[in-house]
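After the structure tokens below, expect a handful of questions from me.
Order of writing sets the labels: A, B, C and D. Residues in every chain begin at 1.
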Amino acid sequence: KTFGEYGGQFVPESLMPAIEELTDAYERYVLDNEDGFMDEFRRRLADFGGRPLPLQHAESLSERYDTEVYLKREDLLHGGAHKLNNALGQVLLAKYMGKERIVAETGAGQHGTATAMAAAHLDMPCEIYMGETDIRRQRPNVFRMKINGAEITPVTTGRGTLKEAISETMRDWATTVETTHYVIGSVVGPAPFPRMVRDFQAVISEEAREQVQEKTGRLPDSVLACAGGGSNTMGAFHHFVDDEDVSLYAVEAGGSSLDVDEETGVAPNSASLSTGEEGVLHGARTKLLQDSHGQIMESHSVSAGLDYAGVGPELAHLVDEGRVDAVNVDDDSALEAFHRLSQDEGVIPALETAHAFGYLEEHHDELGDLVIVNVSGRGDKDLETVLEETEKRDLDVAPDMSVLRAAAGSGGDI
Amino acid sequence: MGLERVFADEPAFVPYVAAGDPTYEESLEYVEALERGGADVIELGLPFSEPIAEGSTIQEAVVRSLEGGMTPERYFEFVEDLDVEVPLVCMTYYNLIAQYTHPETGETGPRAFARRADEVGIEGFVVVDLPAEEAGPLRAACDEFDQDLVFIIAPTTKGERLERMQENVSGYVYVQARLGVTGARDDVSDQTEESLARVDDWDVPKAVGFGIKTGEHAERIVSAGADGIIVGSALVDIVADGADPDVDQPFAETAQRLEAKARELKEGALAGAERAAAEHPD
Amino acid sequence: KTFGEYGGQFVPESLMPAIEELTDAYERYVLDNEDGFMDEFRRRLADFGGRPLPLQHAESLSERYDTEVYLKREDLLHGGAHKLNNALGQVLLAKYMGKERIVAETGAGQHGTATAMAAAHLDMPCEIYMGETDIRRQRPNVFRMKINGAEITPVTTGRGTLKEAISETMRDWATTVETTHYVIGSVVGPAPFPRMVRDFQAVISEEAREQVQEKTGRLPDSVLACAGGGSNTMGAFHHFVDDEDVSLYAVEAGGSSLDVDEETGVAPNSASLSTGEEGVLHGARTKLLQDSHGQIMESHSVSAGLDYAGVGPELAHLVDEGRVDAVNVDDDSALEAFHRLSQDEGVIPALETAHAFGYLEEHHDELGDLVIVNVSGRGDKDLETVLEETEKRDLDVAPDMSVLRAAAGSGGDI
Amino acid sequence: MGLERVFADEPAFVPYVAAGDPTYEESLEYVEALERGGADVIELGLPFSEPIAEGSTIQEAVVRSLEGGMTPERYFEFVEDLDVEVPLVCMTYYNLIAQYTHPETGETGPRAFARRADEVGIEGFVVVDLPAEEAGPLRAACDEFDQDLVFIIAPTTKGERLERMQENVSGYVYVQARLGVTGARDDVSDQTEESLARVDDWDVPKAVGFGIKTGEHAERIVSAGADGIIVGSALVDIVADGADPDVDQPFAETAQRLEAKARELKEGALAGAERAAAEHPD
């Protein structure tokens, strides 16, 4: 249940039986492949999700950095991000467990859309909690969830963002736990979630490890992945953890600054691994952005998907052990990396993903001769944010957007 | 002996309010009004920024209190400033306990928290997100400082888990009347009797909470066999009215309504005990 | 150069030398794999594009229609539609030919985004012509092209849509033909484009034919694909053309009606195969929507990508030969099919693609026991259109969108 | 013999306008003004909805004409209504020819189109999107009705293609002065001499077009060896001014400006011929 001192099951008593039931199901179906669960999961990941996904040699970046750079293309997964690996696994597991309904929360909407897709695919009723503010900010993702037949319940408490949505989903689950499975979207939450989500996402590193050896005859010197909650991170790292010569970099959102403002409870970053303190949140002991009293701080990042005050307990443990390097890059660097990958490689990354490339830009000479970067998702969802944030800044690599402004001026509004 | 004592003679009324809601000063008065209304133990909430097990009523109380500057240290001062005789239980979430630093010893964590609580006279804890399995360090600290650790048992709590909790519980057991989160309801769950049956052989008093709103609810719950009733949201609703600029309810009236509601609930509980005695004479 | 009486090279003289140069390059590199062109193309389609793509058994639809339905998942190709197969092929070919620059036109933006991605990937300067009206309507796609580093040149003549953009691109090419390759986006235009684009897209049916035999041990009874210009259609059909027992259905956009208004020059559909007459447009003899004088009509469809007055000459020929059935479904039916596939299978199709599923719904009992439908692209790009068009109609299968309206009302304006 | 005759004695001035631009009546007058100004052959545009080889000037002329109701049949009426002596060449795109139905015989296609053109006195054709390779049916019809089929040779036309066109061409060859689309330019391309050199041994007159705007351009082109000059956009610009509500140019003034521009160009061409004779006396 724990990873060193991290992890555990800090949840209200009413959820504990469900957690125990899930633990049992996880052990039987996921670990022991009972009733061929894992076979069906892998078949659906292939047929519905499009796996295996390529490990692409990035020609321009390799030349730029004089380092062989390979991209693990999770952006090509159905739905546009690694999120489906987990959502499909959990919705399928819920079916095996005889559950009749799925709930999930979503902030940026990526986990919500993946869950809605998986639920539609497996014919499972699905309700997604989402903060009212996020509903406004992530309209296309809300639309996709509705189109897939999910219920969307707006959460109006607090600031109307991810943390309120998580609380609201916990409340739903506490009420409906006997018939409902809560699809947690990252390697967070009470055991067995962190381990289970990691196992569903580990297909990333399982494929990448095989592919890199096939293409280059060796293991990489470094693997880079962005880290918010940490599911793409653990997915990209898991099968390399035992390869001691492979350096693993979890790249967090440095936001606008690593300093925090205790007074207002605001951390202008989401760098829980780099700057957080041990604490208990959403069911697990892990590293958190919290004030000196233990109240959780409001995190910030240009990338909504990294904007979370906690991080997966296993990742916190691996950082403490020295197996994973916790690093971070700021908003500016992520935006520049977004533009660079788009222009030089023809791959528009999610803003989350762009953080990993920002670190590559800044530290490529420390990463060895062969680097894998996990392209955790595509950036279509981030276009409006990027437009807005790019215009605020003076970036070297940003394209000239006057065509769009002219068109918008003459009446366009998507 | 600990909190068991207050359930000994008659059914106990256990109200919950969040400390510092809506302000430090008003909240002191409100807690005292509850005592005047007949409270036997008061569960005093130490607000946490992520109250995942609360319904909207208590969630908003937590926000009001935090915005008023409530911190764990200030909470302990609040307890010291309180002029009440009844025992106090601190209800909170585990992270505030795990992070706590004792202002004098510099010690951190559950033992530091329990020590400081003991210094201000708190007799027990309800930690919403701390199941028995994770409670070891706090349980040890409670033993050291002679405090009670109250567990909540849910309608879903069964089998081995029930046994594990029975071993760890002290003071009283908080019997959750129905699934879900805190919040006042117009009906009281039928699950109550079934839930009470599951802890029938426990040697601690059984206090039932979740959804109790009226004296009539209280009567039914106690007549069903409860040793006490826990009421939060129905009281916090009154505090919320007082804090709401759209509701014309002066401070004094809020305190009076709280006292009256407390009395209604306590009397309902007493009536329930009489009814139980009449129906099942020993 | 022709397919029966269709095809040919009806272009201004200044372009003929380029057409001849291209014909030579097509024969050497594509047909004869000179310098390993096709090997490199296939390697890049795999690593950059994500091929092979799954042939997915559609469980809900199979049950609904009591017919085994398989989905060829081109929506999972990098960029979100089959368009990259061709764009990558042509940009790579331009590199082999020593060209220094790419031009392309785009209407809905799908071909433009694919070309911009391919050009970024292969480090080739790229200019995309796009009508001003389309720039306003397809803002996210414009953004994606800019983000990939393409120049976008707004075309302000006429109605500012696809046909003006095509004319403008032809003009650019006529001026710069010695150094520039024009990446035509469908199986249209002068020879060798129709054959060459088909060859690049034929990977769809090459994979599907192998996959269906692997999964079911037999060939399908029917293959369905939507048809606008016809590139996904020919791609999906090509390797089945010689399998005489496999019925091939090209599903056109029936729009709001199959009738035309000669007076105003408007056809409220894009059903060139079903209702068009032989004529010469954009370099080839084919079936066209034209008035009795030979002026081209304005076509219409709820799906921007099918909204074209012509169609590939090979497809016109195969229809005349009786090898391909030209059928069509109207806007309403396409919208319903869009919602049905999204809700029942968890795959949000492009509105273009939805036409094929509309035909499946209406005629499933005539299609045999084993049907392949080509999912030519994903529908993320169509969300706003679908919202708008769905609200105008009373559709059985449409989700309730009040959450979105509420959020929009409180200030959202993506 | 055909259109060759007009190039025999002096350099020919070949203007282009779109029939029916901006209206049927005005257009008749404009064509006649061009004749008065010295036109030797008139290339009269039959507008097609997708003018892929035209720059914006002629593109807009096409739109004006189509919006005025121009159709192929009306075009032939227009030609009948014209009161001019100079030969007329029909300039259009192939689809209008392929789709044409003869109103009396009911025949369709190139032969029907050529027959009808012959009936109204049209002597030749320039079909912008009809390369020699696809011209078989129209070439045959032209032979039958004793009409000329003019081909455009581009700066990129070389080798075998040049030979094929030489075999098919009649009347005159349209030498495209530079790559690109139609449109008046301030400079005249240096490619002209090189282009003329490529058709030096052809036995048809060489008329140069694309970008000629002034009498001075005309002079340079002719002195470089051209047998005639083709001018479209510089004239259509004047028609466009007349059609533009923002430009105050009454109909009569438009006709006068066209005539004057025509005269300037014709005189430039004549001056070019004199210069050529002076520089390279036979």
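Couple of notes before you dig in:
Throughout what follows, a residue touches a chain if its C-beta (ideal position, glycine included) is under 8 Å from a C-beta of that chain, and two chains touch if they have at least 3 such contacts.
Note that the structure is a prediction, hence the values are computed from the model and not measured.
The chains that touch chain B as well as chain C are A. Centroids of chain C and chain D (each the mean of its C-alpha atoms) stand 38 Å apart. Mean C-alpha positions place chain A and chain D at a centre distance of 65 Å.
Our note on geometry: chain A versus chain C, Cα centroid distance of 33 Å, whole angstroms. Of all residues in chain A, none touches two or more other chains.
Touching of two or more other chains is recorded for no residue of chain D. Taken together, the touching pairs link the chains end to end in a line with two free ends.
Those residues of chain A lying in contact with chain B across their complex are 8-14, 16-18, 20, 157-158, 163, 166-167, 170-171, 174-178, 265, 277-283, 285, 288, 290, 292-296.
Within the complex formed with chain A, the chain C residues making contact are 46-48, 50, 53-57, 60, 73, 75-76, 78, 80, 116-123, 132, 135-137, 139-140, 142-144, 146-149, 152, 154, 338-339, 342-348, 379-380, 383-384, 386-387, 399-401, 403-404, 406-408, 410-414.
By the touch criterion stated above, chain B contacts chain A in their complex at residues 48-56, 59-60, 63, 66, 71-73, 93-101, 128-131, 133-134, 151-158, 161, 165, 176, 179-181.
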